[in-house]
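When the chains are written out, they are named A, B, C and D in that same order, and each has its own residue count from 1.
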Amino acid sequence: MNALEILGQLINVTLVFSTALIFTGLGGLFSERSGVINIGLEGLMVSGAFAAAVITDYAIQAGYEESAPWIGLVGASIFGVLFALLHAVSTITFKADQTIVGVVINILAAGIAIYLTKSLYEGSGQTTTLTHVFNKWEIPYLSDIPFFGEAFFKAYPTTYVVILLVIISYIVLYKTHFGLRLRAVGEYPSSADTVGISVTKYRYIGVLLSGALAGLGGATITLTTTSNFAHNTISGQGFIAIAAVIFGKWNPLGVAGAAIFFGFAQAIRNFAQLFEWSQQIPTEFFYMLPYVLTLVVLVGAVGRSAAPGSLGEPYDPAKR
Amino acid sequence: GGGSKTNNGASGTNASASPEASAAPEESAAAGAKLKIGMVTDVGGVNDKSFNQSAWEGLQKVTKDTGSETKYLESKGDADMEPNLRAFVSEKYDMTWGVGFLFQDAMGKVAKDNPDSKFGIIDSAVDAPNVVSVNFAANEGSFLVGVVAGLTTKSNKIGFVGGMEIPSVTVFEAGFNAGVKAVNPDAKISRNYTGEFGKPDLGKAAAAVMYNDGVDVIFQVAGGTGNGVFNEATARKKAGQDVWVIGVDKDQSIEFGNEVTLTSMLKGVEAAIYQVSTDLINGKWEGGKSVVLGLKDGAVGLPENNPNISEDIMKKVEEYKQQIISGSLVVPTEVK
Amino acid sequence: MKQSAAAVTLKGITKRFPGLVANDSIDFELKKGEIHALLGENGAGKSTLMNILFGLYQPDEGEIWVNGNKTVIEGAGKAIDLGIGMVHQHFKLVQPFTVAENIVLGNEPRKFGTFVNYKQANDKVRSISERYALKVDPQVRIKDITVGMQQRVEILKTLYRGAEILIFDEPTAVLTVQEIEELIGILRNLAAEGKSIILITHKLKEVMALADSVTVIRRGKVVRTVTTKETNEQQLAELMVGRDVNFQAVKTKKEPGELIVSVDNLTMKGEENKLVLNGVAFDIRAGEILGIAGVDGNGQSELVQAITGMRKASGGSVKLHGKEMINKTPRQMSVAGVSHIPEDRHKHGMVLDFTLSENMVLDTYFDPQFGKNGFIDYKAIDTLANQLVTEFDVRSSGIQAKARSLSGGNQQKAIIARELWKNPSLLIAVQPTRGLDIGAIEYVHKRLIEARDAGKAILLVSFELDELYALSDRIAVMYEGKIMGYADADQRDDKQLGLMMAGNSAAKQPTKGGR
Amino acid sequence: MDKVKGIADKTFNKTSFLVPLVAIILGLLCGAIAMLAGGFDPILAYQSLLKKLFGSPYDMGEAIRAITPLLFTGTAVAFAFRTGLFNIGVEGQFMMGMTGATVIGITLDLPWYLHAPLAIIVGALCGGLWAALTGYLKAVRGVNEVISSIMLNWVALYLSNYIIRAFFVAKGQQKSDPIQESALVSIGWLSDAMDHARMHWGTVIALLGIGVFYIILWRTKQGYELRAVGQSPDAALYAGINVNRTIVKSMFISGLFAGLAGVFETLGVFGYQTMLAAPWGYGFDGIAVALLGGNTPIGVLLGAILFGGLSYGSAGMSFGAGVPPELVRIVIGSIIFFIASHGIVKFFIKPFLGRRADKRKEAI
């Protein structure tokens, strides 16, 4: 393999790892842009990954083999929304502490998903391996282009979907009246309230969107890589997605960039192990690589954080 | 097949599936002595598609054949292993299995404190008069699948995907490497230890990189992570690429199909558990025994049917098998 | 009937908060086209009443009539629909947004249904800002403009929504003299256009200058409504506080004592290496108050930060009792005898979630009298807190109450008590009476003069000319990080001062001070 | 009417004991509903859980063993929270503490009165310094502590694995050599008295640690500074407190607690260290414990007992009633949820309380 081929494949694998992170990161972004911290992304991903596995399984059994992954994808986002609703009701309506509720979502989602898995699959801690999951789409002609074809045009459908979503999110956030209002609500809710914008409504939308998107993120992992759901299908990706939101400065393009960076750091460890010289290096150092790289970049990337102004504060118009 | 909703069995109570039916064993026909045999898994859990699952299948067979009551407890962490073993002891189980090398210390202690209880351990050895220890010469079986890989590859590039880089995995790699080199000294072997046993996504990425690099046969010894290797191979096979996976522990063609499963390196956990447990039921139990089961015991090796392996290769495999059994060929246990 | 109906009529409005009645059966009427001032001490319930009118709070009892129709205002949206606009005490602006974005928020011109039409937004903002002579640049970000400019944006927000009834909650509290003058002009303009205006302020002068009528509230109840023609400042003050008020702090002439602090050639670099302090120099002696006048943002805050050690200076000298103290830490400055009444009492002055008692030792908790061997003796602290609370008349539900629960005036009293208790040789007071009512102002002024008479050197930064003249022995004027010169503290000359504040140094040469 | 509201408000502020109590009941109810939905017998399940907890001296001892690390990690998280930091990196600090203790415990040859204390101190310091790194990155480089500590968790895991594998694993083994007797801190007589439950001094130190948590924050000058920085960094700067140093200090202390949790797992429970594929989870559970306990010392104590007890008892539930042990996490999650959303609890309880208050009114 020449260097360009390797790079092409590196990007290809990077995108596989990144897709779920981008979905989830965008979810976190919408929630946080509305002013609600979502530490529960991990749990929302778990619920999505679980729902995708079960619903796809049922769809396959019901004979919808080809469309099953898509049905699973939709089901996962609905499931994510349900969990996010719990978050929204308690943090927005009942003004509960957002961090605490996020942690609760993580505990509950994992508990419920595995409990249900065991109930549905005869005590088994994991779902059956799905016979129909997403396959990579090779875009005709484009995928034949050297380097670029391998890098960008042989990807899972979810990757194409997420790229589209990044662009849409950017437009929604910065070009539409919805985005302007959402950002105002996250930045300074009483500014929105005093011009007649419902803070509650926009925060609900933000949090529920995060459920839908994180659900898709979890589903992506089930439907493109693991082909089933188990207790450790999601192990930390939700937290990495939070890191991507912060690292990406609450901007869809930034979040996508950060997620791709994390994906790249994951991918590179597999490539590194291909080389002869790598056999001399203890494997643990390869495992550390993504995290150390991230830290190094974070330390290098100084600059004021651009967190939404009201992040984490319940909105109470009576509070002084 | 999943999807069917059942209410029982979550804790693995087998003969007496649900609590309400706890009188059931009394009613079933006696077949030898009806005993209570327990089993504690490691964190992988009973459905790890690997040795915990094999072990449980062995016990289920015991129940089916003898009507004995069997039950398992899953350990959520290393710290649970000891209380879980003791839970069976205090419930007066006749024998308790610990599945996995991590049980060594816990079982040593529990066995010492409860000399009247009987125990069995897989993949490790405990020196106590009331424990039977069962180990497998995984290097021997791995040598044989190495031979298959070495002779099957067209690209002369072969891959090994491991879970964690620990002796119970590296022993496979050692045997495998030796097997490949014995028949195909020019073959290049890539290795990738993913660091995890339960993450198919990592296995899948590792496999993708290897297949991209031209590897056409991968031996996976990575538990759930290995499922990812199969997933990747299946996708590539569908796309028309000619790639293979060699499974581990069980005949994985049953789950992943013959299209991608070249063969599997069986580890007879199920048989061993069945054997030792029925020995107990039939009064032939020998406490303190520690066995290493290898090719000669039929406890490791290839499955009976190998539709993807040619006659010629099978012949070679058989040759090496005999050499190993006879002792004229000693398979290394450590990667050089 | 409807023709002559009042713009707003409030009947029997009552609003309770846990433990107090903020509005107690209030009747209030705003006639069309009038400017109606709302007056009252801190915590009298003015903002609460206006928040009810604007739909942010719901009254527990009472009726609201707008333009002759009884209505229920369940949210700000409804208030806006009714033609009510409010400029809040704390601006409701989104800092990272542009002026235009802030103005059109919630009512955006759109294209294709949902895309914000920024061009149209900018044009609209430009056109109303021209119509009402409120100059703003629609495309700059709020965080980059002055407070006065931000207030214009707030006013434009209400006008953009077609408000006919405008509420101003303490609009002048944060403005400089010039800005206040401009605002007064703007308000007159608006009234002339036929808008009805409610104005909340603590400054009686402004009331007299602007308003047609005045309603005075005390402890949630209306005391009296009068027209400005039939009243005067003294009477209003009495109605407000319920007793006689001294407007002019009594200050005796006094010879200053030894040199306490000497600042020389002090410089500081800000963003992009711009000099925010550019060779500042002055002396303050014992028993002397040096007032610093100037338009906000001309280096006053930085000067204070440099002297207190909260921000590093890039050069120069700060000598305390002849000892060089440049770029010492805040702790070192504090221990050396510098007390600081900070500009932002919520941000710097207190830990709002600490108790009042804990806040009383915010910069002295490490003192041996509050415990030894690394431990803190909270009993000793409570003793001190009780003593200070009594001495300075800090009103709260007790010294274990959270500082957050105190009213602004009482928070300020607590800070002053704490800082004076340290018995400093130099007291730095920045805007010590911002947002306080006249009763509280009177009190703070009295305490500062007492401190001066007790021989402390005081650096007073204020935007209130009245305050500067009432307290200072000398007044230095700052402009663009420099001291432009000194104004005569005994002979008030607003014009000359205004010139210097605008950067005209011709008035007087900078001298280092002393007499 | 106002009075009733006042009483209700007082009863339901967060510090009141009634909210947690009602929350626990509601949480157990949620668990029961889930069990019914799954076709299990909730009564039998909870009975089995209690039996597992209190049925034998061994199980009681082991439950205490399971609670101990949560006391430490809960304290670690709560301490940081109190100073305005979200230490999500307890997991990694735990690993480092464990590894530090293991290294000292294996390599040195000292009398017991030196060996064990040294191993404990070094382990605690490893955890503390690992956390201080997060604090340093935040203070000096402005790196959000949540991100950096998540990253450091993984680094700690793999670093520990590497250290163990490279230097301390005997041939053919997958765990470290045993730690020298002289470094172990198990309490032999107590273990014997409790049917070999793994009792160790770590429990005592964890309880002391909770006391230390209280004393540092509410009795010392350091604590005053830590809390001031936590509540308002700006006011702390004004007060002359070195904010950056305080952040590092706070993380360091939090990390000490986290490190101790790991130390005693090695020195008190196992006597060796294995290589792990994934973190233990004590750190994340510590977050739940801290939140259960409202970040107060007593709360952490009770939260750890509740969390650890339920978790340990879940094996009994699974043994006796066939309920998957994960059910317990649903119960715990629900409890924290109801504590956090005390508005919802209020909603559930209001009719009852209103009636009671009315009665009192009549009596007056």
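Going forward, a contact is a pair of C-beta atoms (placed from the backbone, for glycine too) under 8 Å apart; a residue touches a chain by one contact, two chains touch by 3 or more.
Labels paired with UniProt names: A, D = Simple sugar transport system permease protein; C = Simple sugar transport system ATP-binding protein.
All figures in this text were calculated on a predicted structure; none of them were measured in a lab.
The interface with the greater count of contacting C-beta pairs, when A-C is set against A-B, is A-B. Averaged C-alpha coordinates give centres for subunit A and subunit C that are 45 Å from one another.
Taking each chain's centre as the mean of its C-alpha atoms, subunit B lies 36 Å from subunit D.
Centre-to-centre spacing of subunit A and subunit D amounts to 28 Å, using the average Cα coordinate of each chain. Counting only residues that touch two or more partner chains, subunit D has 38-39, 158, 161, 165, 278, 324.
Subunit B has residues 7-11, 74, 165, 195-196, 198 in contact with two or more other chains. Across the whole structure, chains are in contact as follows: A-B, A-C, A-D, B-D, C-D. Looking at the complex, you find that subunit D touches subunit C at residues 2, 6, 9, 219-224, 227-228, 231-232, 234-242.
The touching residues of subunit A, counted against subunit C in their complex, run 175-178, 180-181, 183-184, 187-188, 190-198, 309, 317-318. Partner subunit A is touched in their complex by these residues of subunit D: 34, 38-39, 86, 88, 137, 141-144, 146-148, 150-152, 154-155, 158-159, 161-162, 165-166, 278, 284, 287-288, 291, 324, 326-330, 332-334, 336-337, 339-344. Considering their complex, residues 1, 9, 12-13, 16-17, 54, 57-58, 61, 118-129, 133, 135-136, 221, 225-228, 230-233, 235, 266-267, 270-271, 273-274, 279, 283-284, 287 of subunit A touch subunit B. Per the touch definition, subunit B reaches subunit D in the complex via residues 7-11, 13, 18-20, 71, 73-74, 76-80, 82-84, 86-87, 90-91, 101-102, 105, 109, 113, 163-168, 195-198, 333.
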